[in-house]
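In what comes next, subunit A is part of two complexes: it sits with subunit B in the first one and with subunit C in the second one.
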Partner chain A sequence: MDIKTDDYRVWYDPEANTVFFQGFLRLDGMEAYSPVMSLLLDAVEKQPQITLNLRQLEFLNSSGISMLSMFVVKVRQRGDVQLYLQGAENVLWQTKSLKNLQRLMPGLQLEFA
Partner chain B sequence: MTETFTPIILGQYIPQIPPSEEYLTLHFSPTAAPRNRRWRNYGLSADFLGDYFAAFFPGGELLAGKINRRDTVKAAVSYVANELLENAVKYSDSTVNIPISITLYLYEQAIIFRVINHATLDTVHQYQTYLQQLLNADMDEFYTQQLEKTAMGLGESHMGLLTMINDYGAEFGWRFSPVSSAETITVDVMAQLQV
Partner chain C sequence: MGWPLSQPGLHTVAQFTGRDNEQDPLQGQIQALHSEVARLQQDIQDLQIALTTTSEHGDLIEAELHQTNLKLSTEVKERQRAEATLQALLELICRERDDLEIIVQTIMEHGDVVDAQWHQKLYEETIRSMSDGLTQVPNRRRFDEHFSHQWKLMQRESCPLSIILCDIDYFKQYNDIYGHLAGDDCLRIVAKALHSKIRRPGDLMARYGGEEFVVVLPNTTADGALEVAHKLQSTIAELQIPHVHSDVSRYITLSMGIAATIPSPDQSADDLLRRADRRLYLAKQEGRNRIIYPSSTCLKESTR
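Take a look at the complex of A and B:
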């Protein structure tokens, strides 16, 4: 599972049970994020835990933030998945917006490095 | 009979923008190229604006976190400019061939963004109803509700506007005024960002 363009890359590493995000993601609306969403849902299927590593994602537009919030709620609805988000403390949007996802799922683990 | 539309101002709209020695305006023609090709240009333009205005700020000192003032300005300007442009494109009346404009004004402690686009009366009415709710609500509560609604896939998200206000502390003002025909409205959005 790997989505790669000139601007960004999203891929799943089954060994680390982690979805990595890299680059600049600013797709045109929520619908344009459905391939990324599918990748996330496939990755979490039947897993008791999953990590999203966003540290190299320099830019995410608000449609992308909406997509992440939608994924968080899907995980919450499953009820049996531990979700970890890894952010970078030197990437501004992550320091500004990631913590809000905990409003949707207080059990979400957010680690900054 | 056509409905008459009187100009309306909402939020912290600044009628006279204070003089600024550094400002920059970009115009985008809405029909020059297919939307998917133009879309990438909005992102690139937002990055350019971020780089351009960041160059006026010092790079060395670290702010509260791990990001210096220059990089903070760069990332914040790029985020806000991109969201404003995306919204202007999304809600523009594509049948009216008037360019979208974005101007940034630089001050010592703030940057003012001004975006002008044209929208249909229907779009404007819906937007105004939403803005009235937003302006009368407790922001924190409203944000959480809207995030939950968006995450459940219920209706329009407006997360761009909400993240700019809630996460970046941008102060917004809007002016809606009719163009010659009452069916097209000029939407003039101002966002003030402390830097």
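Take a look at the complex of A and C:
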């Protein structure tokens, strides 16, 4: 479970139960994000206690944050998933947008470093 | 209605009938009574039928009411179930609406913040592209743009524009003795010191190339530029950067050429730069650690 291009990389580390995001994620539209969404949902299927590490994700466009929002809603609807988000304080978009995701799922744990 | 209805009563009437024909009126009465009895019996039958009919009708109505009641109960339950389903659906729709509102807000804020992030990055890149990588002061490109801009501005306003070209004395020897890393450090220290002294809005200090630096001073005459040049020279002298192979001092020194003019259409910015460069060359020729400025006066700085 590894999606890699010149601009970004998204991969699942089963040992850490963590999906890592890295680089500039600027895919064109929600459809283009479906492989990333599938990777996330597959990871949740394997282990319902999952961490998304976004600290190395410098940019995420609007379609990307939509995909992430939809994922959070899906996870909340499942009811049995414990979701952790790890962000970086020095990445401006993360300090703003990740808190909004917490509004979609109050049980979501947010950690900045 | 006061007449007896029992069989013994009828038997008594028959006895009277057999005994005396003169009793016809009585006979008539008996017949009347018979008729009455028959009528009453018919009434009874009618009443019984009416009673049976009413009773049966009541049962039927009751059964119908029961059925209707059952049907209504079922309907009420179904409606309650439908209402509960609708309520659940309403809650789901409300939740989805709330989700969508949050998502829309998230996307909007995200767009704004990403835009700000790109803008910041662009600004940093612009600054970086205009800065000298080694010394972090403005680079030659920044100088060219600023000098050209100030030239036009001063020409429009008929105000003086001065430039100072500086060069570190015996820098090649410094590199040979102390090494290129120390040479880079020396450039960084000198650049930082010069940059810190150029503070007026519109003034600009830049690395011109190699060990050469340039200062643009709008609204400044040659005398004003000379003052600035003295200040810069003192600043470098105060740093006391050792240079054992300098022929003019034990420390790093600067040679400077100043040029000043009120820009006009019949001269070019390059002319001014060339004049400053020629005076810098003269400063080198005449022994270094000195300032040559437009009055052709050579100002040698004392070694500190």
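Going forward, the second predicted complex is superposed on the first by the 112 of 113 C-alpha atoms of A that agree within 3 Å, B and C clash if a C-alpha of one lies under 4 Å from a C-alpha of the other, contacts with A are read in each partner's own complex, and residues count from 1 in each chain.
Convention: a residue touches a chain if its C-beta (ideal position, glycine included) is under 8 Å from a C-beta of that chain, and two chains touch if they have at least 3 such contacts.
Everything quoted here is computed from the prediction, not taken from an experiment.
Participant: When the two structures are superposed on subunit A, do subunit B and subunit C clash or fit side by side?
Facilitator: They clash: once the shared chain is superposed, the two partners overlap in space.
Participant: In the superposed arrangement, does A:M1 touch subunit B (first), subunit C (second), both or neither?
Facilitator: It touches nothing on subunit B or subunit C.
Participant: May I ask you to decide whether A:V73 touches subunit B, subunit C, both, or neither, giving the answer as first, second, both or neither?
Facilitator: Both partners.
Participant: Could you look at A:L110 and tell me whether it touches subunit B, subunit C, both or neither (first, second, both, neither)?
Facilitator: neither
Participant: So in the superposed three-chain picture, is A:S62 touching just subunit B, just subunit C, both, or none of them (first/second/both/neither)?
Facilitator: Both partners.
Participant: Just subunit B (first), just subunit C (second), both, or neither: which does A:L39 touch?
Facilitator: The answer is neither, since A:L39 touches no partner chain.
Participant: Quick check on the superposed pair: does A:W93 touch subunit B, subunit C, both, or neither? Answer first, second, both or neither.
Facilitator: It touches subunit B and subunit C both.
Participant: Return the chain, subunit B or subunit C, that is in touch with more residues of subunit A.
Facilitator: Ranking subunit B and subunit C by residues of subunit A touched puts B first.
Participant: On subunit A, which stretch or stretches are contacted by subunit B in one complex as well as by subunit C in the other?
Facilitator: Of subunit A, residues 59, 61-62, 65-66, 69-70, 73, 91-93, 96-97, 100, 103-104 contact subunit B in one complex and subunit C in the other.
Participant: Show me the residue ranges of subunit C that touch subunit A in the complex, using the header's touch definition.
Facilitator: Within the complex, subunit C contacts subunit A at residues 99, 102-103, 105-107, 109-111, 113-114, 116-117, 120.
Participant: For subunit B, which residues are in contact with subunit A within the complex?
Facilitator: 35-36, 39-40, 43, 65-67, 71-72, 75-76, 78-79, 82-83, 86, 90, 143-144, 147-148, 150-153, 157, 159-160, 162-163, 166-168
Participant: Okay, in this complex, where on subunit A does subunit B touch?
Facilitator: 7, 24, 26, 28-30, 59, 61-63, 65-66, 69-70, 72-73, 89-93, 95-97, 100, 103-104
Participant: Mind pulling up the subunit A residues that touch subunit C in the complex?
Facilitator: Listed in rising order, the residues are 59-62, 65-66, 69-70, 73, 91-93, 96-97, 100-101, 103-104.
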